[in-house]
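Have a look at the structure below before the remarks.
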Amino acid sequence: MRQLLTDIRRTPLLWLLVFVPVVIYGERAWPEAGTLLFGLSVLAIIPLAALLSRTTESVAERTGDAVGGLLNATLGNLTELVIAITALQAGQYALVKASMAGAIVTNTLFMLGGAFLLGGLKFHLQEFNRAGARFQSSLLFIATIALLVPSMVATSDGRAGAPELQTLSTMLAVLLIGGYALGMLFSLVTHKEVFVSAVHEASEEEPLPMGTAIATLLGVTVLVALVSEVFVGSVEEAGEALGLSPAFVGFIVVALVGAAAEMTTAFSAARKDRLDLSVSIALGSASQIALFVAPVLVLLSHVVGPTPMTLDFWPGAVVMMLVAAITAALLTSGGRSAWFLGVAVLMVYAIFGLTLYILPPVQ
Amino acid sequence: MRQLLTDIRRTPLLWLLVFVPVVIYGERAWPEAGTLLFGLSVLAIIPLAALLSRTTESVAERTGDAVGGLLNATLGNLTELVIAITALQAGQYALVKASMAGAIVTNTLFMLGGAFLLGGLKFHLQEFNRAGARFQSSLLFIATIALLVPSMVATSDGRAGAPELQTLSTMLAVLLIGGYALGMLFSLVTHKEVFVSAVHEASEEEPLPMGTAIATLLGVTVLVALVSEVFVGSVEEAGEALGLSPAFVGFIVVALVGAAAEMTTAFSAARKDRLDLSVSIALGSASQIALFVAPVLVLLSHVVGPTPMTLDFWPGAVVMMLVAAITAALLTSGGRSAWFLGVAVLMVYAIFGLTLYILPPVQ
Amino acid sequence: MRQLLTDIRRTPLLWLLVFVPVVIYGERAWPEAGTLLFGLSVLAIIPLAALLSRTTESVAERTGDAVGGLLNATLGNLTELVIAITALQAGQYALVKASMAGAIVTNTLFMLGGAFLLGGLKFHLQEFNRAGARFQSSLLFIATIALLVPSMVATSDGRAGAPELQTLSTMLAVLLIGGYALGMLFSLVTHKEVFVSAVHEASEEEPLPMGTAIATLLGVTVLVALVSEVFVGSVEEAGEALGLSPAFVGFIVVALVGAAAEMTTAFSAARKDRLDLSVSIALGSASQIALFVAPVLVLLSHVVGPTPMTLDFWPGAVVMMLVAAITAALLTSGGRSAWFLGVAVLMVYAIFGLTLYILPPVQ
């Protein structure tokens, strides 16, 4: 417990935890102030995400390679999952889908681009392991394809509303989760030597004791759920007040907030000339959204949502995810990076954001 | 002749030849039993395709490099061609187009994925010649683009039915066949050293004597034509009975049946750690469909079909062919494979199949 | 001055300069003869473009690396820019957009394919520097994406005419020019060692004296502007007479004419086994159109055009640009070339041309 407090004191990002009680109090005190609550909940989620990522890592380290890897792989995007489940319960499917698509694009373009830029400002040319990056970007490409084929086919044939789309979405979700399970078997059991270095290097700090870690994990998840409720409840009002569409909020704001913790790690690794780690975090996180988080949400929508959710996205999101996956494949196949590559990737991200801001998709 | 019989006795796949007379008899005996005839004709085509591929190889080996290569390259997808011509005569253009698109996707995703998986279950990591694979996957990409640009342009501009599409299709068919001829000049004459190893390794068995081989080739082609007629004639009824659309039958069933022989070779090569050969068979066969079989069918449709056939596909098929070509390019550019890569590719194929099964294209 | 005349005498391409006065005279003498004027203006622009490129190079060489590179990078596509501005003033936005898209596709496919083919007819296998080519093709891919995301999103969501598209186009233009400026900082200042060899090798001839060069630069630009006016004024009439749509003329004719000078250099470099230079000219020129010329035209349209121009293209153009960028990335990632690769790329270009000729986009 003391170590947890030391951690918090040493990490400026975690000072934002002070906003957690403020948000929870604020929800009762000023239920009308949607925009304020929205801003406060964003500020509160960021440190919670960082804490969640930190404790997951601690538990993972204590439980040994296989179980730890499993935990890391499953809980790594827990923040996104909790926010999305809250939105699912509220029936805000546009927000859920936008945040899934946005998480894939943000992790790929913003995290990778930022790492290339920040690393490139410090080092003239950076090399990274092509074989590993190529493997992960192939996986991301296939995962993205898997996710978007239904919407491409449904949209291009003009049958976005067909009832069969529901059946297809549910079956695909099962298939994708099966693929994810095999992927874990691959990376944690049969071919762990290909992945082990990156995971190992990730943890530099002293791990928390097991009890504290598990207690924190549970407690923080509850807090994320509470704050997410405020966030999701206020997002529509805030969006209107700020002139932001649900698509923009989900795609850009939720995705950046949810990935804040991983980004800190990926960027600081790039500054230490360990681009392997940055690439692995960015692409791994994006694949996980496509192969695990999105299908789980489809299955959960049968239980917690007002109606089952389908796996089809609006056409612009399909284009953006596909572009992100191809960009990642092209950029990482070279195995070299310099600052301008980061600028170029961030530019594509900025163009996506600008397009969504000015021309949000018609719901 | 004796050797041919020995061959048949030794190869369990060829025992299915017993279904050939059953089908031909069945067509007269039970003309109403569409679903049964469909199943029997599938079972009969598989060994005929294997035999066709075996005898083509024998003739090729006896006639020396250049002529042999030419024969191999021209007759390699004879089964698909004969089935498609039969469907063309019956005016079943949806089936013809679906089987062309399906052959490209199946050869690329299913054959490559299966080879990666089967090889990967036996060997921890498999390496293959990147240069050769890259050359062939570039060719496949360009061939696929050539095939689908018309439909992309026509569809996206909303003029799928324009009469000019007919003119364009015919001219493109001539252009593609010209490109195919130059490609043979390249691989058989000017740069044969790049390709020769793969072709040479393919044939392990004793070649059949020339006379037997040619007689078998002719005889088997006639049998394939006869069985194809039953197949095409029963496909609609069977499809309805089994709840399968013509698109699904063409894309998945015909493609798998037509490629059965090549698949056997590609998979067994992967089990012998000769992924070069597997990749070369899979991508070469897919390019051949795009550059030779499809254009030949367009030209033949002027002669044997009720109306000329165009080269445009339904939007979902365009997406699937493009995804298959890009996946092949990404996966083979690494030059390394492990079992999970095979699983991932097969997953994409399964998703395509599932989508076609549940949401067949509107005709 | 004498040297300039020597240059002209030695270069057969420049003999076409005789058509410049003919065109300018012809415009007054036979104002009705649209098709003739069109043909003459095409013949006159080609040598002017070559001269422009030659003098830009001379000025660049005299002013030293950084300023020279800046000039080269800014004036390299001056011909395209002047033609497009003339068309802009005439309100011929379909022609402007077609020529932008066409310049990207022509530089990528025709110039690269031609270089591969011409080089391959002389050398059995040609190798080129993969690292440099990969960097430039990544840049081209990102630049193309940047350019086409708006139209993909706008088209696929069915809002091509929305007024917000205008705002988006203007903001994107600013963003792209910013990216272009950073790209020059990168290639001319911080990482010039990666690019310097190619630029240096380009100039083989004796540079013109500074005064002559600047005077020629100014004079030739004025001549290009005069001839462009005839060209743009006659294009519609000639197009109708020859049965060519504005899209075909812009995409194929203007693009080939504008790039004639760079093509000469790229092709002759390929014949000297210096594919690095060919690849660098082709891809660099294409990126420049996407990142600099197109955005500048959008901004200029606020000043010189009847209404502001947007950055959205018709769907077929989007597909073609994307295919060109992906093809370039795939082909150059291998670092090897042979004649058939050139044939294959030229075939894709021919298919694009044929499609545009037979099925021009609906305006």
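To keep things simple, chains are lettered A, B and C as they appear, and every chain counts its residues starting from 1.
Everything below uses one rule, namely that a residue touches a chain if its C-beta (ideal position, glycine included) is under 8 Å from a C-beta of that chain, and two chains touch if they have at least 3 such contacts.
Bear in mind the structure is a predicted one, so any value in this text is a computation, not a measurement.
**Student:** Between copies chain B and chain C, what's the superposition rotation on C-alpha atoms, in steps of 5 degrees?
**Tutor:** That pair's rotation angle lands at 120 degrees.
**Student:** If more than half of the interface residue numbers appear on both sides, call it same; otherwise different. Which is it for chain A and chain B?
**Tutor:** Because under half of the interface numbers appear in both copies, chain B and chain A meet with different residues.
**Student:** Whole-Å distance, chain A centre to chain B centre, using C-alpha means?
**Tutor:** Between these chains, centre-to-centre, one finds 40 Å.
**Student:** Going by the touch rule set out above, which residues of chain A reach two or more other chains?
**Tutor:** Correct list: 326, 333.
**Student:** Of all residues in chain A, which touch chain C in the complex?
**Tutor:** 124-125, 155, 314-316, 318-320, 323, 326-327, 330-331, 333-334, 336, 338-341, 343-345, 347-348, 350-352, 354-355, 358-359, 361-362
**Student:** Using the touch rule from the top, collect the residues of chain A that touch chain B in their complex.
**Tutor:** So the residues of chain A touching chain B come out as 131, 134-135, 137-139, 141-143, 145-146, 149-150, 152-154, 156-159, 162, 164-165, 167-168, 171-172, 175-176, 179, 182-183, 186, 190-191, 194, 326, 329, 333.
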